[in-house]
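Note that the chains take the letters A, B, C and D in the order they are written out, and that residue 1 is the start of every chain.
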């Protein structure tokens, strides 16, 4: 396959970023920007562009020059838009979340599987140098066993008309967790608390507590009402602990050789109290040099490569399903006052299948 | 009453701070440092001190020059030590928590009430310039109605032999909440999640979610396993939001004139979506000038004044009971997998009574 | 005048930013990107652009659709390129510094004056919301009288082939100073120290000390060898002091109601020592809400408006001359071991003249 | 020699710190706190102390139980007080600066030499874990060759009645430089600029530029008028660069494996421009774990050990002379408008001599 013809669907908040990065990615050829509001699309492209504008998804999908679509429309429309594209034989990159519900998402995964088409989630964070570093470090055993995760994602955010703060912000944290955690440490149950102190009709502040296989716990705090922006994730391990502060570009990652160790019970007398069973390490901190690059460029490259190499992308449809399974359980927990609910498991992609 | 004779009981972690501040407080006369281990007490006082050392609580309480005691022994001993002191007619300042259980704490409150003696909690944070400022601001309506509270208190902490991280650290957050919240916004139910990833036999990481009258939610994250220290509290209000970063001495408090407002439903058409019902304010931030002073000095002064003026101290025995009532409900919730449990209410001090 | 036809000259480091912002500015119509290396220009425009590429300045200047040019070529070429454009009757926006020498810059100013054409400097910082706020505050008397300025601009920077660190970085600080200082507080003499510890053949670290009318002092530290990036400016005033940290987007400006006052000598006895003549204010700090916007967009708008309204732009040719006069005196001081040398004064624009 | 009997002279700003740390140092026995104002001394000791108060230096020096004195009186009195103590055969620890002038300081060094007594400067910073780490790193070659030093020490400071900001603050920076620089990289000339924008009668803002053997340059910015406190030192080296932020206790030192290298001219063609002669390294940053300990405790221990071991202390009288030689040259440069002036060299201690 030579150059891949691409159409971007949706010229709203995220579409312009897709347009810009698609244009800068070798091997992709941007053919259309498609939006029901053609004027909006024209405005995004500006006066100096040769890219075509269309207000008809059908027209775009009918064009044989279009091999793939990148979808940035509201979540509720992901199922019909993506399904139409898959049925037209197009590869699909879709903005998170995969769909409005787990069941809708499953239909898309199956449709892509059946046709051998790429179905990829635009989990942008998973393509940042930070998360790439973390994936290697954490999955590679570099912090020992995972003891806890804590993510805070708060700021003054637009109250969304259709989703609560969990569905709006937590997909970022969840897709990052799924991307960096070792295979043996996976979410199995979730409890959620939320509140709506401004009467918006949906949770504007929420806390997720996630039980992981092996007993560790992950926590996510998302909040639309904080005037101060925080983007911090701590990943505690038995041998090292990582602190990621995404708002500190000069030092996003700090890897501490510090922590608490538990001595083996056989080393110490039975009577000794818990305090004597732990010891503390206070070592240096290392902030690795990380390149500054736009993650969405890497998303585009992965989309291109998964198509040309006929392999599942790093963030395939199933990764999107996993995020949906946690979100749905969290919403159910929220409705039930915060009890822990089990998370549906998603089987990994079968060999030879693409999405 | 002239100068108040004082004995400090306990020469461990906190005792030396009590000794130092008692000596610097006019109107107090430090008579004894008492510890079962007299050598430890002697070492705390150093070679140049005229303060007496005793290893006998009875001896200390029998001395008529002792009017009051400040207790810094393990929580499990608070009931017997403080009760003995009250029965000997001494005023009592006790390190948090008031006692090991709510019922024990109640016995102390009743004993102090009966004898008209001061029973005061050393909730040190409540005497910092920051909390004093917050109390005036929040209780005085300066942030509008309270929308949410979020407190993070994490660091590499000593795993305690007898209490979990909730009982060790959360009393700080809870006593601060109780100190600054308006009367109409009080804790009514609590849910707790915790984990023990190092096998210490007790929760080392914990999250508290507290339901407040009026629908707002407070959240507390306490953690002994974080190599990076965080001490941050956010208090979101309808007109302003405050961020307190206690590790930034140059700017502990930041008061943002920013937030989200909800328009009245009558102002806008019924069909309009939630998004249009909220508006955003982006105003200036003010960091008030705050004095740097040692809070424990103010604790000592309040203890002295509550005795000489025969009035309840700011952090009286009932404030200690309130903290215990939340901690006990949280522990019960932890044991039941995180369900919300109601918090026992504590009546305020009856008029004319001192503790 | 309707839409202004524009050509960008130079497709190197800064040119792409001019291209992007020109395209987004209503009232401007980007006609050409011109570079001796047409391939480089084509690469900057990308595959989707309708903008023309030219490798001939003559061709561009001969096109009557071109009303104005924006020049982003090396400083040594500013004189010939800008002069050619002015002689062809085009308005000129030129990247800092105006020219390689004061005398060259003067020729350009005179040429623009003679023809009534706009000659504008791209002192981008002067168009940021921060500098706009500072200009109003400082020139408007909001900090009292100016007591000192201190600017630090250090990072790991590309050692330039043709200029030292002073000429590379200090134009930013100098144009900001000139933009915000009141008319009665202007640079009159400068001393410079520099060093070249890596043997690059030119100063890589430099310090400028500038004497201002009225006795206040400004200091600039520029450095290509610092692994940590700092962009801080302090403007001390008699009633308030401003700290600008440009790397802290959440709080770029902090305005402190703190400082040192001097009591009038008549208020206190003659014998009293200096210490008693000063008093300290410790008030609040205010961080004003500032919009986040791209300054180069405002540069383009000012260029457009100065042309259509036939008025001198905020950063006219003379502001460029003033920066050159300080740089030349600084270079001379550097060569003479750091003595103070006077700064040539630049008369302000004559009425009715455009540049 | 067994326990060393000590008297602290001066109960003003610094005296209480000497008292506290002397009492906590094994091997020292605090005998007196001496001040012309005995009440002030009594207040410093408090009501619970067994230490004697005296308002007579003669009385203190006549007491054979006093082996050594620690002097914290104004600089102008250092010569008479310290000389009297040395003549009485007492070892001397003196607050910086050693004396009011170089010549006075020299008399003290000679007097101590003659009698074989310890004369030690209380350059407290030199005993911090940070400076100890820096000394080993920089003198041990860990950053390659030194390329530049830059120190900023600014805050809202008390305008001193008798000294300008240079003499008040720069001794800290200078003693640190002298303590960490390799033997072959020493100050040889200094230029100073200063200003007095508040009419205090002495420089309140000052900049020092110091030429070092080998061509590197050190710069110091001291300022009493800054509402924001900065304590930063950068030490640029050919292989690594260190940034010390003393106001960031969680990460005081950051050691960057980043910098600029110069390629050997023989490796590249003669025509190649300077830009190609340098290359950039972007490696990790390491923040070493440093103990938190009170430096003044280490000062006291070094004073004790230099006495009992009859060896010069780390910060001996000559280190104090070196600081005075730079300060005097800086003051002369300030008076002459900022020209570079040579720094008097101080021979190192002769063998077998103690001070």
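Keep this in mind: a residue touches a chain if its C-beta (ideal position, glycine included) is under 8 Å from a C-beta of that chain, and two chains touch if they have at least 3 such contacts.
Bear in mind the structure is a predicted one, so any value in this text is a computation, not a measurement.
Number of steps on the shortest path from subunit B to subunit D, with steps defined by chain touch: 1.
Chain pairs A-D and C-D differ in how many C-beta pairs are in contact, and the one with more is C-D. The greatest centre-to-centre gap from subunit B, using C-alpha centroids, is found for C.
Inter-chain spacing, taken between the CA centroids of subunit A and subunit D, is 53 Å.
Taking each chain's centre as the average of its CA atoms, subunit C and subunit D sit 39 Å apart.
Among the residues of subunit C, those touching two or more other chains are numbered 228, 254, 258, 282, 285. Interface residues of subunit D facing subunit B in the complex, by the touch rule stated above, are 23-24, 30, 46-51, 228-229, 247, 250. Those residues of subunit A that touch subunit D in the complex are listed here as 251, 254, 257-258, 282-289.
Against subunit B, in their complex, subunit A makes its touches with residues 146-148, 150, 152, 154, 156, 158-161, 191, 193-202, 204-205, 207, 209, 215-217, 219, 221, 223-228, 234, 236, 238, 241, 243, 254, 256, 258-262, 273-275, 277-278, 280, 282, 285, 337-340.
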